[in-house]
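Each of the two complexes below includes chain A, the first together with chain B, the second together with chain C.
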Partner chain A sequence: MKQILKISTGFLMIALAFTSCNNGESKSNSALSSSAAEKVYVAPGEHDEFYAFISGGFSGQLSVYGLPSGRLFKVIPVFSQDAEKAWGYNEETKPMLNTSHGFIPWDDAHHPDISQTAGEIDGRYVYINANNTPRIAKIDLTTFETTEIIEIPNSAGNHSSSFVTENTEYVVAGTRFSVPIPQRDMSIKDYKGNFKGSLSFLKVNPDNGEMTIKFQLLMPGFNYDLSHPGRGKSHGWFFFTTYNTEEANSLLEVNASQNDKDFIAAINWKKIEEYVNNGGGTKMPTKYAHNIYSDETHTATSTMINEVLTVNPLEVPGAVYLLPTPKSPHGCDVDPSGEYIVGNGKLSANLTVHSFTKMVDAIENKKFDGEAYGIPILKFEDVLAGSVEQPGLGPLHTEFDGKGNAYTTFFISSEVVKWKLGTWEVLDRKPTYYSVGHLMIPGGNSAKPFGKYVVAMNKITKDRYLPTGPEVTQSAQLYDISGDKMELLLDFPTIGEPHYAAGCPASLIEANSKKLYKLEDNKHPYAAKSDADTKVVRKGNEVHVQMTMIRSHFSPDNIEGIKVGDKVYFHITNLEQDYDVPHGVAMIGANTSELLIMPGQTETFVWEPKQVGVWPFYCTDFCSALHQEMQGYVRVSPSASNIELSWSLGEVF
Partner chain B sequence: MKKSNIIMLLAAIFPLALFVFPLWNITLEAPQYPIPLGMNIYINDFADANPYDIKNINLMNHYVGMKYIPDAIPEFKIFPIGIIITSIIGLIFAFKGNYKWFLAWFILMMVLSATGLYDFYLWEHDYGHNLDPKAIMKFTNPDGSVMGFQPPLFGTRHILNFTAHSYPRLGAYFLGLGITMALIAYLTGKKTS
Partner chain C sequence: MKSIVIILSVLLSISLMSCGSKEEKKKEGFSYEQKSKPESTAPAKLKTVLPSERVDLTNKGIGPITSIEINTEVSQEMALKGEDIYKKMCTACHRPTKKFIGPAPLNILERRTPEWVMNMILNPEEMLQKDPLAKDLLAEFNGAPMANQNLTQEEARAVLEYFRTLK
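The block that comes next holds the complex of A and B.
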């Protein structure tokens, strides 16, 4: 009996030991997960610490997220039509999507970059590139609207764009494809030696952020993949990665991967600027659109420009050098001090880092290793700062935390790797889910990164979320990088392909965000600023309705005298002057989108009635307790009828 | 100059602050207005506490049939003249008069202020009760009578989804201070005589 007691006591002890051990484990698990949850939790009504502007890739738009919560606030339409906001559908914004090829309703938006002053993010504008039909857009961060789009001539696959210099002197746009410049009918096989790659420097007006093409540098016919400006000591230089230095025109996956080293092109833009300011360069006939949206007229204008200034690099000695960089480098990233230029050789086993100081020294001592089309090539060993040995597979992009560390994405091995600048040792690695492309640290492309978080933008999501058929959500991931080791905090879905992002502390932007447009400042030619201004005017078969909207009615809301075959322009002004009181409007049978009109704004849609009848329109944005009453009718008579135009509000018949 | 006359001098000057600072303020709070709507009442103007507040108060109030807050009311002409005249009288008393006149000025100002407040009450009552018969929304009190929306003359009151606060502002405090000082001038003068 004693024996049994002893044995059972023993079992009990063991059982207790296991239980307590289990308890301990589950406790530590929950403590860990709750800390990650707490780090991304932003309580209801509270604001995020950072803004993140994440491009939508092939969606053509720019999304605005909060970090660390990963909450989506707005999708800013940029290069693609957006029926929700009438972008590219209403008469006011259609000119924004005009190009030398005519109206283009879509593009591929890649690299947002926030304007800078003295090397630091200033939170005024975001610039972003369209890849397909080369364009650069400016988004105003007081309205979070696209206010300018400029087309880039002589460019194709506008990919090494749209990065700003440290005082936003320039926004730079490099071509991916080399093409005949000027475009002409020639055999594709004659590419080698005949095609050119253009690197465009867009001067920025410091007062309003507006861009003009200052000059285009016509480089050898390589592919120009990515770029970044020098900063600090290397301010005045711009660096571009190249691939296909083989100048292949077919089966590039093989034929453009043969050279052991491609180049990083180092461009001394200050030197070229001086050359151009002294009358240098060649004016070339071309055609490109420059579209500007005014917050005063609430209307865009598109201007076609017929000339661009081109610069032959050989005519500006000492302005362009080539830095050999292994294996088709993709990302071209400059550290916050401006000393290190990272060439992310996507087919290379090692990560190559060049030294700006050594580059300048090599140039001064003419340590050249031949030339390419007359452009001096520097010796690899003379410009190399160091290599990160075997850090992972398929390096794409590097960002910096401002504390001496760099973070590089590896597409093939699907991870973010943290390494140390100067010692080149790998400090940490964390998997991504899956196949990460760009990564973003707020303030990344500046002298002052805010190294608290890194966002990894993935190309593949597969099983990470509830499935939605063959097409699953796109996704980004947030890591805490404030400690020695990175910690994955959050997965969050994104719009389109989250190609690249720019971020900064919310405090730089939040206070400048406009609440409404002042009605007294509205200079739209068809604005009706009060009910007294409303009218309906016929000009042949064109009818212009100047209408107002305010809680909870349109004025006028009954219109007669419209005829089949008329082209009716509804110019509608939102008379509200209160924060967050937009109104919408939609007309049955109109071959366009709704309008979503902000307080104080005027927008226009066109309706071409094809059928006789009495046709209703209504407010589409739930605006007030009487939103369902916010509606009206238009009477459409046969084209031969002679019913006079009449309009009214509130008349009881 | 006698001490009481100096005090009377200040008493006569203080109400002039009404030309700089608002007399009264009405603030309306509601869940949808994290920044409340507010109106500052000057002796010659209704002013937005924040841009467009009065326009938005009007927009809210039209649902229950309240009239728009007018751009101008006759009081905006009468009040400034009244303040200037009484201040001039006060100044004359301060330089020429004795303490008995100070008491007279004190009583005059009390009567005028009370009249002003009563006038304000009448306007508020009309504003809150004289409703458009075609109002979008009509509310009744538990006893069946038509609900009014009169903001309080002084204090805080809940009106439907709004909490209305009505309190004097700096201008009114200067006026009150001026009136009180006239009384002090009277008492000081009386003691020394």
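The block that comes next holds the complex of A and C.
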């Protein structure tokens, strides 16, 4: 036994010698540390340790990655039509993209945030904002599907969104652009003093995650850039960075950079909630869509709402204060304890950190430094916890590792800088390739970060990958932050602009991931839940086909009696009740996308045949060895034809 | 030249119109090595028994069911429940009394053990890979695999009871 030990020790020494050779180039501290490749290698068939939900930026979608491998699992369609999954193309999901402006096929998705319980990520839902036509979506993490989209009225450039409070009491949506509220025909030059910025608090139903707009706080006409909730001791407050406190309406790159300091607005939402619950606030006529998708009917409904409750901050004394923060702060990040509020002044040389305790003290002792439109401005020196001196150029965002350290991105100097909370000293810095925007540590904006990795999401990639013409890939980078020094492990391409991300241990989500929809629970009005339910019904020139699909046939697969000028609805139910057996369907000449139907689900596409003939349809998702046999025909006759509707699934030869 | 084109087009359109809305005459198809029907081969050589007609009352199959008791009396209550499940989950591929995508369950217990039937319902993936009879059936039915409809053991048992009522 001893000998074996000796031998294995010997081997270990040799192995160590080789390892240290391999790592000769890296600046690793530990002789035992493995190579970057080993750290991100997830063997075939193995699962990643973390989920990362990375927004697709201007693609409007949300992508699901595994960390540390950087492998892409799914692109969840949210705000943009997706022909692959029929999102916004099939009859069931078209209402999801309805707004007060009508159907909108695209948006710009920015800040995913995972729901929390007691300050910790609970893995139930992801909320994400649409910037352009202001909306918040909810993605259910049992199905990884978008199940709700609510439009935000009185908002424009919905950017300081969609962050959740520590028990997911609220999802918050702040306007970037101030606008006339209510919207009206007025001169742009009269912006100053007349435009308002709305901060919307969306109450979340704890049972199903659904949102309703509880109130909108109508703030001065600044730009509200980013936000984060207080947590722990500061729970009940919400913090928003502002810029353009100059209230410029043109050439903002100059005119909104005049003031030495802008503000972080501190909102005591608990106080305002109490005010509203006691009948406070003013109901304002407006119009916004609230769209909800049901897993039972597999169908979305869109409801137009005509009223919103607004709150004037001056009517709730003690609820709103302004914390002076240097130079157009962008990110607004709160540390896991809730004590520190980091204002990433993007034109400032230093990083400003406010203290919640000092803020409360300053409020109690009325240490004010004037007011803006009646809202008290606290004295900068009296709320300042400290500043990180000259850490880099162009700070944007900060996340936390739960071990007393903060990590801030610097856009201009293109790096991630690690610094210590409380002492404000810079501990480490690593370059990014290139021009990093947001960063994400799983749980890094909650009370319980999982400080093993940080993902840097870059704005520019230039030469990092094989070129693909003028438009090159978008990209993120993974760093190991478990040691004293950060270590770059991996570059991986992303969809759209990887704007921001939310991550958490896979164990919080994996076990809840749904495998299929139960047929018996299918309440789609046109579901055919067995072969006996299949039929074709004519209502004038509308024809409804209730069809089933299973390996490897459609039922019916021969239909006659359709005429030119008909509007044919194919309602197709996937009868499979097994994991990972979706079927697709596509019809020649249909002016829409394919359908991709999960087991137990019903989806509908519309076909308006324009030409007489016999037209085939087929399964688009390779489903079985007989996938190529999964097809059917529809006979289309002239509009004046008197051929009766008939349908069949042939007998066996 | 122009006139030729015109004449041709007129002829073409007449021929097209004549097809018009009428039902086209059914043309005889052709046959190329079409699978011969069982009765036609019977007299010739040694009779090959199709897997679906093979009798094997010892093989219990592979899966969660190792032994079940069948009462001589059919439970009508259970059979009714089984019929309902069968209609919802199985009829896409199985007709009760005649061959369809898959074989008919009529008189199944004269050919199979009850355990084999239930394992085929509950554990088709493994059965199709490992059970010799299930493998032969897959070949007989053109490679259309038995789908796992995720029935519970109780549901599969009820379906089996329904099979006993088929005539």
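Methods note: the second predicted complex is superposed on the first by the 616 of 653 C-alpha atoms of A that agree within 3 Å, B and C clash if a C-alpha of one lies under 4 Å from a C-alpha of the other, contacts with A are read in each partner's own complex, and residues count from 1 in each chain.
Rule of thumb we're sticking to: contacts are C-beta pairs under 8 Å (C-beta built on N, C-alpha and C of every residue); 3 or more make two chains touch, one makes a residue touch a chain.
Nothing here was measured: the structure is a model prediction, and the numbers come from that model.
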With the two structures overlaid on chain A, would chain B and chain C clash, or do they fit side by side? clash
Taking the superposition on A as described, I'd like to know which of chain B and chain C A:Lys529 touches: first, second, both or neither. second
With the two structures laid over each other on chain A, which partner does A:Ser555 touch: chain B (first), chain C (second), both, or neither? second
In the three-chain superposition, say which chain, chain B or chain C, touches more residues of chain A. C
Report for A:Ile643: first if it touches chain B alone, second if chain C alone, otherwise both or neither. second
For A:Leu626 in the superposed arrangement: first (chain B), second (chain C), both or neither? both
Let me test your reading of the model: by the given contact rule, A:Asp578 touches which partner, first (chain B), second (chain C), both or neither? both
Residue range of chain B overlapping chain C upon superposition on chain A, of 9-17, 45-53, 99-107 or 171-179: 45-53
Once the two structures are superposed, pull the chain A residues common to the chain B and chain C interfaces. 516, 550-551, 576-578, 625-626
Tell me, which parts of chain B touch chain A in their complex? 35, 51-52, 55-56, 59, 63, 136-137
Of chain C, residues touching chain A in the complex: 21, 87-89, 91-93, 98-101, 142-145, 147-150
Looking at the complex, which residues from chain A come into contact with chain C? 516, 519-520, 529-532, 548, 550-553, 555, 575-578, 581, 624-626, 637-638, 641, 643, 652
Within the complex, chain B is touched by chain A residues 516, 550-551, 576-579, 625-626
